[in-house]
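The two complexes that follow have subunit A in common; it is paired with subunit B in the first and with subunit C in the second.
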Partner chain A sequence: MTEETMKLLVEAIVVGDCTQSLDLARNLCDSGISAEEIVVNGIEVAMAQLDEKCTMEQFNLLEIMLTGRAAMEVIKFLFPSGEMVMARKGTVVLAVLEGDVHDIGKNILKMILIASGYQVVDCGKNCPIEKLLDVIEAEKPIAVGLSGLIFPVIPMVKQVKERMQARGIYGPKIMAGGAALKQSSKENLNVDFLAETAFDSVKYLEQLAGGELNE
Partner chain B sequence: MPILSFVQEEKEQQIFFEMGATIREILDKTNIMATISGCRGNGACGLCTVQIIEGEVNKPQLNEQFHLSDDQINHGIRLACQTKPLENVQIALLYYVCESNWKRIPENEYILDTAVNSQPLNNKKTENKRKSYGVSIDLGTTNISLAVWELGKMLRVTDRQGLNGQYCFGADVMTRLTAACESVENAKKIAITTQKSIEEALLDIAIREFIDLEAIEQVVIVGNTAMLTLLSEKNYELMLNPECWEKEIDCQPEDSQNWGELWKISPEATIEVVQPLAGFVGSDLIAGILATQIIDQLDVTLLIDFGTNTEIALWDTKKLWVTSAAGGPAFEGGGISCGMHAKSGAIFKIDWTADQPDYHFEVIGTAEPRGICGSGMVDAIAYLVEQEKLNSNGRFQSQVTTEGSFILDETHKISINNHDIDVFQRAKAAVATGIDCLLDNAGMNIANIKKIIVCGAFGVSLNIENARKIGLLPEIATQNVILAGNTALAGCEMLLLNGNDKDLVETIKSKAELINLSNYSDFYDVFLKNLFLKPMREQI
Partner chain C sequence: MNSIERINATLNFEKPDRVPVFPQIFGLAGVMAGVPVDAYVRDGHLLAECQIKAIKKYGYDAVFSVMDTSVEAEAVGGILEYKKDMYPTMKTYAIQDKDMIDHLVLPDPNVAGRMPEMLKAVKRLRREVGDEHLVVGCVMGPLTIASQLMGMETALYLAIDEPGVFIKLLDFCTEIAIKFGLAQIQAGAHLPMIFDPAASPAVVPPQFFREIELPQLQKLCRIFDEAGSLANWLHIAGPTASILPFYPEIGVDIANFDYYVSPQQAVALLPDLCLDGNIKSISFIEDGPEEIAVKSAELLDLFENRGGFILSSGCEISPLSCPENIAAMVNAAKERG
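Presenting the complex of A and B:
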């Protein structure tokens, strides 16, 4: 019974039906399913399906935003205090650096990461590097995600790793993505990973967790 | 309609014409620009010789007998400007003229009449004495448009439109600005490229319309702010800083005299660059506002100038709220698999009846279809949504696609895929969000808008009903939507004829309130709402 409901929840999130998703999540809670289970077997499964649906030629921004919104609504319902008790996969810091004010890409990554079980600290758009470094220092993330839609932001992205290391921070991996950045290379940007889509970043993080990329 | 046919550069050309027109007038109406002339087409120069190969024409005129021998006339040789075909006619051009990069602006793209522009556009009877001319230039990212006026007579002599040579530094503004910021030499090259494009256009006018460039006494230039900074080699680096987009940016050239020398116009000529409102609102928009007289309207009026950056202005009868939405080049056919500019071979119009799955489309020019332009995309998407082949999320029903694409024209391999729809959705959502943002700021909603003015070439062949169906334009009666064409050039001409009257611009500036869309707190939610292929409604 609950298995069936969980399946319906996955479907409702994938099609982005907020009301339906919330109703189903409420049903599951009422039948004693824990919030953690709903996240792992519901939201995260929905995210994986969205990933499959979003191969390059099938990508549709609206559908991703709708799914993201439904997933966020369910998370908000499950964790009304806003405390992501279950950021069990670690923290990721996101930013759109100074010179760029386009943050839809970053917001989508944020939703996907949260829905996939990561804690996200969002530095917003047009963010100075110093501010980003302060946040990295305080939050000790496993990775930093930089999104950029326009080319002028590239010189900013290039500086991040060096300036981070100058402060003695070596831990977090740096991921980059977005229309302008993905036309460059990870060597040129001096980052650890260059993502084609938001889902690529999630896969990369999962590989990190699996220890596959540790030197 | 009868047809005039001839071969040009090994291409067979056929032109339909109205009886009573001379061969030169017929040739001039097209964009082939096949005529040559040393005069204004009154038979004075004798250069435009053609041979009539087949078909009946009017009798040789007196002034032709002055230029042509009896032998020539017996062999069917005539002057194009004096010869009127009386039926289908085949001719051979006896002069060599290569196809020009600079074309007349299609009449349907120049709809607005400036108040003084009531005289006929081509007055051929004027004498060629020493005159003084003025040139208005609209400097666009893709195209440059120019109009030449004879100042004393307030007579519009001709116009031209062609590519801004800067495209070789990148199709979009950001790429060009970045290139300019890399080195002073780059910036110089970019500036000179545009100055040369203008030179080329002026030369084309000089050769084909017999205008003495040295008689050009005044030049007025409008354009988007990025183009103006690149032209003047000044402050272009500020354009890369989002904080400057709302600020005034000085684009006044230090030394425009150089341009005058390059263009070979009068050494005393004044060259003026109309200053933009701010980083993201160029003087092209000021000119458009001037030409459409939007701030004189008694009703709430919305002006939309579609482009890669769509400028939007909302006149609430007291204040002019202005913003710019960067939606990408979809309206110009960019980023779309079979997309193309609204040029020959572009599908620009699609018709269908609601209860039948068939449709038929129209193509620009006589060429075979090569792709689909912005207005064609609007029709295609409206058709697909109405026929329920595409849902309002922008996803195709699986049975209507072949390998993920909807085949629009099998023979010419023109199709639309999910990615194309996605790109278009983002572009239209950006514009709709801009409109919502201005309405919010003015404390209004869509129902308050009484009139919409759509500017730019994209707007000219826009099907208003279809645009409404998919949420590209607010829902408002078709008769209250004005497709105004190239308003920037028209406004620039008004400025030229008013001696670049600063007050005209100042009045607009004093009423304008600039809104930066990236500071819109509801952006994300409003953008999401506007991604749907549905009519724009008040907030869901």
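Presenting the complex of A and C:
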């Protein structure tokens, strides 16, 4: 019964049905299933299914937004006081750097990361590099995600690694993505990873956690 | 052949004297003339002067009265932030609450926001180039205007949560595009390009495009046709392979394709339609003239037998681009003959 409900919850999240997702999450809680189990077996499974569905040809913001919104509604229901019990995979700092105010890509990555078990610290859009570095210093993330929709932001992205190192910060990997940045190369942008889609960033983080990318 | 004859021949799959070249130069024309982008997009006379200088220097086939993606939204009441050397960004959306949708007033292109400046640019460009070169105006597609009016996330959630209200908004956006496009044709534009980045399959699935955006674009194209537009040029960037097959039904005459879609794929999907594309925009920033010449030559080779091709970039050539790369692309077409 609970297994079947969990399956339905996964389906409801994938299609982005908020009402149905919340009803099913409530049923699961009433049956004694813990919030953590719902995150791991419901939300994270839904995100994995969406990842499989979203090939490069079929990736579109709208479907991801709807799934992300349903997942976030369930998370809010499970953790009403906002405590991120399920942020067990580490912290990721996200930003759209100064000069770019398009944050839809960053917001989508944020939803996917939270729903996949990461804690996200969001520096917002049009973010000065200094502010980003302060946040990185304070939060000690495993990675920094930079999203960019327009070309003028490229010179800013190129500076981040050097300026992190100038402050003695070497740990966090830098991931980049977004319509403008992904036309370039990771070498040219001086980042560790260049993502075609938001899900690529999640895969990269999983590889990092698995030690596959330790240099 | 002059540019108009060359383009007409290309549209009809006849053999032109050479392949037409449309470097999609907007703010870059300002930069090349020493004019900051923020000034370029606010002054129609300046815009026209910069475009004329650029076409005189490089000798390609079209001048563009194109500012940025927010002209229509600003005319409705959106507040933009202008920063030196940059395209403006939306600071306050015109629609703060969906209840406002019932009370929106259609902007008058002769007085609203920067619309009159754009019309001024069109008039001046047509006066300068006559029928020697193509004068391209620009309207945003309905979905892009809707995204600029209330923010893309809010607009897309509205489309799903309250489709009836969203269609009402989209109808309003189509009316803006019609009125603005017709004013551009009247001012002398040979065609108003329809620029619709929010309709890209990277943003909305193809079913959404077919059911929601297609009827609006169809109406737009039909009205521009009737008003004497030389051709309907639809410009949607990104991975458009899944929506290209709908273009003939929309009434498109020139289909832009970006670097995501291979020329072979574009030809297979649109065997009878004139195509323009598809050098990666960032190549004009990161690569040198030799690479641009090679990429141009590859495209010219591929389309040599088929025809119906305009050499271009997949999207805008950014103001950060290297001007020598424009010359390399234009020369590639001219040398081929």
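Here, the second predicted complex is superposed on the first by the 215 of 215 C-alpha atoms of A that agree within 3 Å, B and C clash if a C-alpha of one lies under 4 Å from a C-alpha of the other, contacts with A are read in each partner's own complex, and residues count from 1 in each chain.
As a working rule, a contact is a pair of C-beta atoms (placed from the backbone, for glycine too) under 8 Å apart; a residue touches a chain by one contact, two chains touch by 3 or more.
In this text, all values refer to a predicted model and were calculated from it rather than measured experimentally.
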Inquiry  = Do subunit B and subunit C fit side by side on subunit A in the superposed arrangement, or is it a clash?
reply    = clash
Request  = Could you tell me if A:Arg69 is touching subunit B, subunit C, both of them or neither one (first, second, both, neither)?
outcome  = both
Ask   = So, does A:Ser184 touch the first partner subunit B, the second partner subunit C, both, or neither?
value = second
Query = First (subunit B), second (subunit C), both or neither: which does A:Gly42 touch?
reply = neither
Ask   = Of the partners subunit B and subunit C, which touch A:Asn107 in the superposed model: first, second, both, neither?
value = both
Which superposed partner A:Pro141 touches (first subunit B, second subunit C, both, neither) = neither
Task = Using the touch definition from the top, say if A:Pro172 reaches subunit B (first), subunit C (second), both or neither.
result = neither
Partner chain(s) touched by A:Pro152 [first = subunit B, second = subunit C, both, neither] = both
Query = Which of 278-286, 296-304 or 314-322 in subunit C clashes with subunit B after superposition?
reply = 314-322
Query = For subunit A, which residues belong to both interfaces, subunit B and subunit C?
reply = 56-63, 65-66, 69, 99, 101, 104, 107, 150-152
Remark   = In their shared complex, subunit B is touched by residues of subunit A numbered 56-63, 65-66, 69, 99-102, 104, 107, 125-126, 150-152
Query = Mind pulling up the subunit C residues that touch subunit A in the complex?
reply = 86-87, 89-90, 152-153, 156-157, 159-160, 201-205, 208, 238-239, 241-242, 259, 280-282, 285-286, 318-320
Ask   = Tell me, which parts of subunit B touch subunit A in their complex?
value = 174-175, 177-178, 181, 240-242, 326, 393-395, 404, 417-419, 421-422, 425-426, 518, 524, 527-528, 531-532
Ask   = Residues of subunit A touching subunit C in their complex?
value = 16, 56-63, 65-66, 69, 99, 101, 104, 107, 150-152, 154, 179-180, 183-184, 188
